[in-house]
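Presented sequentially are two complexes of subunit A, the first with subunit B as partner and the second with subunit C.
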Partner chain A sequence: MGRPASPPPHAPLLLTLLLAALSFAQTLVVCKDCRITSIKKALELAKDGDTILVKGGTYREGTIVVNKRVRLVGEGYPTLDGQRKYEVLKVTADGVTVEGFRIVNSGVSELEDLAGLKVEGASGCVIKDNLFENNFWAVYLSGVRGCRVEDNLIKGSGEQSEAYTGNGIHLWHCERVLIRRNRIEGHRDGIYLEFVKDSLILENEARNNWRYGLHFMFSHGNTYARNLFERNGAGVAVMYTKKVVMVNNTFRDNWGDSSYGLLLKAITDSLVVNNRFYRNTVGILMDECQRTLIKENDFVENGWAVKLWANSANNTITYNNFLANTFDFATNSRRSENELRRNYWSAYRGYDLNRDGIGDVPYKPVKLFAYIVENNPAASVLLKSPLVELLNLAEEAFPALTAVELKDPEPLLRRVEWRFYE
Partner chain B sequence: MIRALSLFLLLLLFACEVKPEPEPIRYGKDACAWCRMIIADAGFAAELKTKKGKVYKFDAPECLAAFVLSGQIKKDEILGMWVADFAQKGKLIPVEQAKFLVSEKIKSPMGLNIAAFSSEEDLEEAKRVFGGRVLTWEEVLQYVKERWGDQLHRHHTHHSS
Partner chain C sequence: MKKSLELLLYELAHLLRIKGLWFYALSVAGVSAAFFFLTGDERKVLLSLLSFTLLAVPLVSGFFSVSYFYDTKEFTEFLLAQPVGRGELLFARWAALALALTLLYAAGVAAGLTLKGFSLQEKAGFLWLALSGTFLTLSFCSLAFLAGVLFDDKAKGVSAVLAAWLYFTLLHDALILTVVYLFKDYPLEKPVVLLTLLSPVDLARLLVVLRLDVAALMGLTGTVIKELLGSFKGTLLSISALVLWSLVPFTLSWLLFRKKDL
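After this line comes the complex of A and B, so read on.
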């Protein structure tokens, strides 16, 4: 064993192979004073596996089509300007990375969805650490599999012009996409999914988008967690979808006449767990919602914490905190086929003689007035009138007035402790 | 006195007459009376007005068609129906005057790929870009019935604006 270590006999061969590999994947540098001055030229010269390094400056090259497997990397956030005429970047090859660019001013079209960055029919893309400003659509993935969209900052034009603002991150017919740590504002929907499956939406912040922060259509088996939805037209609309997991999100300040924190429209077999709903017109609006569990959420200072339509059944609402909402519940049905049990209601005035932590009198969260409004929307003009106070008082004095069966037979006396994973 | 009163009643009658024109759609605010989505795209919206003046707004032609097919409003109660002109965003046209293009490349909000046009040239241009087939309103109703048949009666609409 005392022999000095000698290189294995095939070391020179390995070294040669390594050098060959290194020289094979080259880096092409683009800048105003470089040998290559345009990204299009670099793409012409590049081979699969190459890196194109773009230095600072503004590039106006029409639509740049990336049809080779390259890493496109910006240094000092070079600007790619679509001059309000062109789609800026269009990726059609598998395994493309776009990182470190400022992508602005995509074209606007009546007929086409022009984007700042579109990926079409490709897999394995990485779109990371870019700034998107003033694009029609910002990031647009169509027929994409296995991509990551991370750490992008996306700002729409902010014009409230219905015709000319598309979505921030738009996915159509995609699967296995990770959308993480993006900040999106001023678009139509912050994030939009249509026919998308097996995807993760994590830790994004969607603010001031003029329709929804996040919008699902026909997109089954996806998870969104730890996102913030603030001051959007409405927070999140999950529509015509099965098996959605919604965990640890914050829905805040989504106000307006048809607004809500979360809309569950034609949803089955889903989970809404450990979320916070603060100051929304409606916390959760459930319409045609089946077999969904709503557990350990906080509903704080909403107009209505939950609106439950009669066409929703077999849902379970348990261990939630209902704190200082104007109304805790509204429904348009006298009977409810849903399980409401062991929630904490700050408005509960019952007692607990056997000290088991559960109120001895059921809590009826639907106020008579809320029921009247649901069935006669025009009555909402009375919302702040003394008449309503009188109705509520009368209802407390004579509980038989409450029209609705819905009740929590085991209201909790103490707030439910659950952890929000910051 | 009686003359004054009858004049007043006559005026009231006129005041209550429902105009056969669509109400403007507040994009980003009004919600679809069928699918509940907030109406955002001025290229796809639709509207139905009853003779009593009740207005139902929709985010897509397919939602208007589904609403009509569901039978919640009887045919003889309908005053008018309008759809957005895909090529002239924001313009609402009567369904009878519209021509519809169905193409997989048209991404209408509820996924049935329908757009409406008032002008023949716009329709031809769109057909050149998207391909697809041209339908009348009656054929659109038939198409939506074929695609969504089983959903049309389960579905339940609530209130409109």
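After this line comes the complex of A and C, so read on.
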């Protein structure tokens, strides 16, 4: 039992100061028939803390530099047009909000990364509810701390090659950024992060990007949850990173000669939990991965569910569902220092005499042909050959034929039930 | 020429009265219908039908053709006592047999597909499958005639055809695998493509596989192979190779048969 809390003695003073500050903050309206007709003019007149309200219409003002702490709000999605020449918006001040704009046609440059909206060295920005169309880079954050990028719709230029388009959301040397509910199409990489720390990437949809839906390097301690990566040229690639958390994402229809649902290259101490992998050429490719837990994921109708290369060790793959994949597993070495235990394999043909839900015979997920192809790529010319079908049959009949020791000693007989949060 | 056509039509009419051949058509139809009932996914049906075609079509075409060749040997000799050229006769018989077998195979697949009401998504894929089935039929008819002309003993001839079937469906691929294994330190895409040209079954398989999305499973090597065999030029190359496989063995048998002491 304590005394009832009393307000601190200087509270009234603070409140007065706050009210005073609010009363000085003003709203400047920009439209074609208003007193202020250009956003640049409004920015000249504005003080820190002001709101600039831009009404519908098209504004061609070259590069608009936002160097004051203002809220830039569009009404009826006014269009900011870079005329294929300029960077459209460049934010250099802290605490800037950009909301409700349609930002189009940024310049294209081989030397500079021209973007629809670039934030440089600022903190606390909010980029919300904008449409980005036909930009070279769309949202470009460099040296930014504590920003939010939310609910933006980003469409690339539709140029026929990855060389002529930049990334949808591009982060370079950032910290504590929230990227949420954005939809990105037609860029080179949907979301690209390099040297980004402690950030959240949630509920984004990256489709039909030329290269990767998501691509990051050297970005430690980030969490990726409830994102959808669909039909991207090469799927998702994540590299050289520690402590990644990937939960409840969907990797779907990333199909092609060198396409992956998820490529884990030099990833350590990470979690890949509760994700769905549908119809990818390769569900997960693990190259130089260490101490990563892959648990409660669904692998459905992939070419290969998992490719695990010999340079990966101490990874745990457990309680996953492997359903109707052409090959469940491939590896290029006979031995493997990884733990494979208690997964459900739809191709498992064993039995369970003591009825404890665990198969009595180990499951060997690496088919002889998968092993051969992994080591001799030219053998892939025999895909669907009767000889290969015969090899598979022979392998089931004579277990001694299996080339690889890797096995699940306790395969589950029932599908693992886990929850996917839509 | 007119005589050839007359003979061909007569042969064809005779062949289509053989119940065994209709059983072949029925089983093709049954198998394709069964695949459709078991899975709604056309791509899977197509792949399963491809596997079935690669195994069954060469076996049935080869075995039936060579048996037919020996069983009608006396009738052939009787016909040759009439004013009919040897070359004309052999050609008419071969063409009739190949035509009948191709028709029955195509009818079988088509009958299976009608159950789906012809609302196919993978039309192109099924057409490529039909084409590869046709070439397999032609090649193995040709090989059967060559065996028939080469060996007077029926047992030897039939064994030769069965051996050819075994070689092209399994052993040739085993040979490719061995080559791939022995020379794995070298770039092998071109040699491997050359080796596939030496087997009608491999050619027929790749003709279909390279057009389906499973081809992505061939990875980067697959891209090179697709370039070599699946591009316009590559398709021409593999189809010409299949045409050679269909015509060369028969032409050899035709040359031998004209001078053979019957």
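Convention: the second predicted complex is superposed on the first by the 399 of 422 C-alpha atoms of A that agree within 3 Å, B and C clash if a C-alpha of one lies under 4 Å from a C-alpha of the other, contacts with A are read in each partner's own complex, and residues count from 1 in each chain.
FYI, a contact is a pair of C-beta atoms (placed from the backbone, for glycine too) under 8 Å apart; a residue touches a chain by one contact, two chains touch by 3 or more.
Computed from a prediction, not measured in an experiment: that's the story for all the values here.
J.: Taking subunit A as the common reference for superposition, should the pair subunit B and subunit C be classed as clashing or as fitting?
T.: With subunit A as the common anchor, subunit B and subunit C both fit in the superposed model.
J.: Looking at A:67, would you say it contacts subunit B, subunit C, both, or neither? Reply first, second, both or neither.
T.: neither
J.: Just to be sure I read the superposition right, which of the two partners does A:311 touch: subunit B = first, subunit C = second, or both, or neither?
T.: First partner only.
J.: When the two structures are overlaid on chain A, which partner does A:210 contact: first (subunit B), second (subunit C), both, or neither?
T.: Only subunit B; A:210 stays clear of subunit C.
J.: Scan A:255 for contacts with subunit B and subunit C and give back first, second, both or neither.
T.: It touches subunit C, and subunit B stays clear.
J.: Of the partners subunit B and subunit C, which touch A:303 in the superposed model: first, second, both, neither?
T.: Touch partner of A:303: subunit C, not subunit B.
J.: Look at A:239 in the shared chain and tell me whether it touches subunit B only, subunit C only, both, or neither; answer first, second, both or neither.
T.: So A:239 only meets subunit B here.
J.: First (subunit B), second (subunit C), both or neither: which does A:281 touch?
T.: second
J.: Report for A:172: first if it touches subunit B alone, second if subunit C alone, otherwise both or neither.
T.: It touches subunit B, and subunit C stays clear.
J.: Examine A:326 and indicate which partner it touches, taking first as subunit B and second as subunit C; both and neither are also allowed.
T.: So A:326 only meets subunit C here.
J.: If you've got the overlay open, could you tell me the nearest Cα approach between subunit B and subunit C in whole angstrom?
T.: 5
J.: Hey, what residues of subunit A end up touching subunit B and subunit C alike?
T.: Residues common to the subunit A contacts of subunit C and of subunit B are 256-258, 377, listed in rising order.
J.: Applying the document's contact rule, which stretches of subunit A touch subunit B when the two form their complex?
T.: Those residues of subunit A that touch subunit B are 110-113, 160, 162-163, 172, 188-189, 194-195, 210-212, 217-218, 233-234, 237, 239-240, 256-258, 263, 265, 287-288, 309-311, 332, 377.
J.: Which of the residues in subunit A come into contact with subunit C in the complex?
T.: Within the complex, subunit A touches subunit C at residues 255-259, 281, 303-304, 326-327, 372-373, 375-390.
J.: What does subunit B use to touch subunit A in their complex?
T.: 27-31, 35-38, 40-43, 86-87, 89-90, 107, 109-111, 125-126, 129-130, 154-156, 158-159, 161
J.: Which residues of subunit C touch subunit A once you look at their complex with the stated criterion?
T.: 47, 50-51, 54-55, 169-170, 173-174, 176-177, 180-181, 184, 188-189, 192-193, 196, 201-202, 205-206, 209, 213-223, 225
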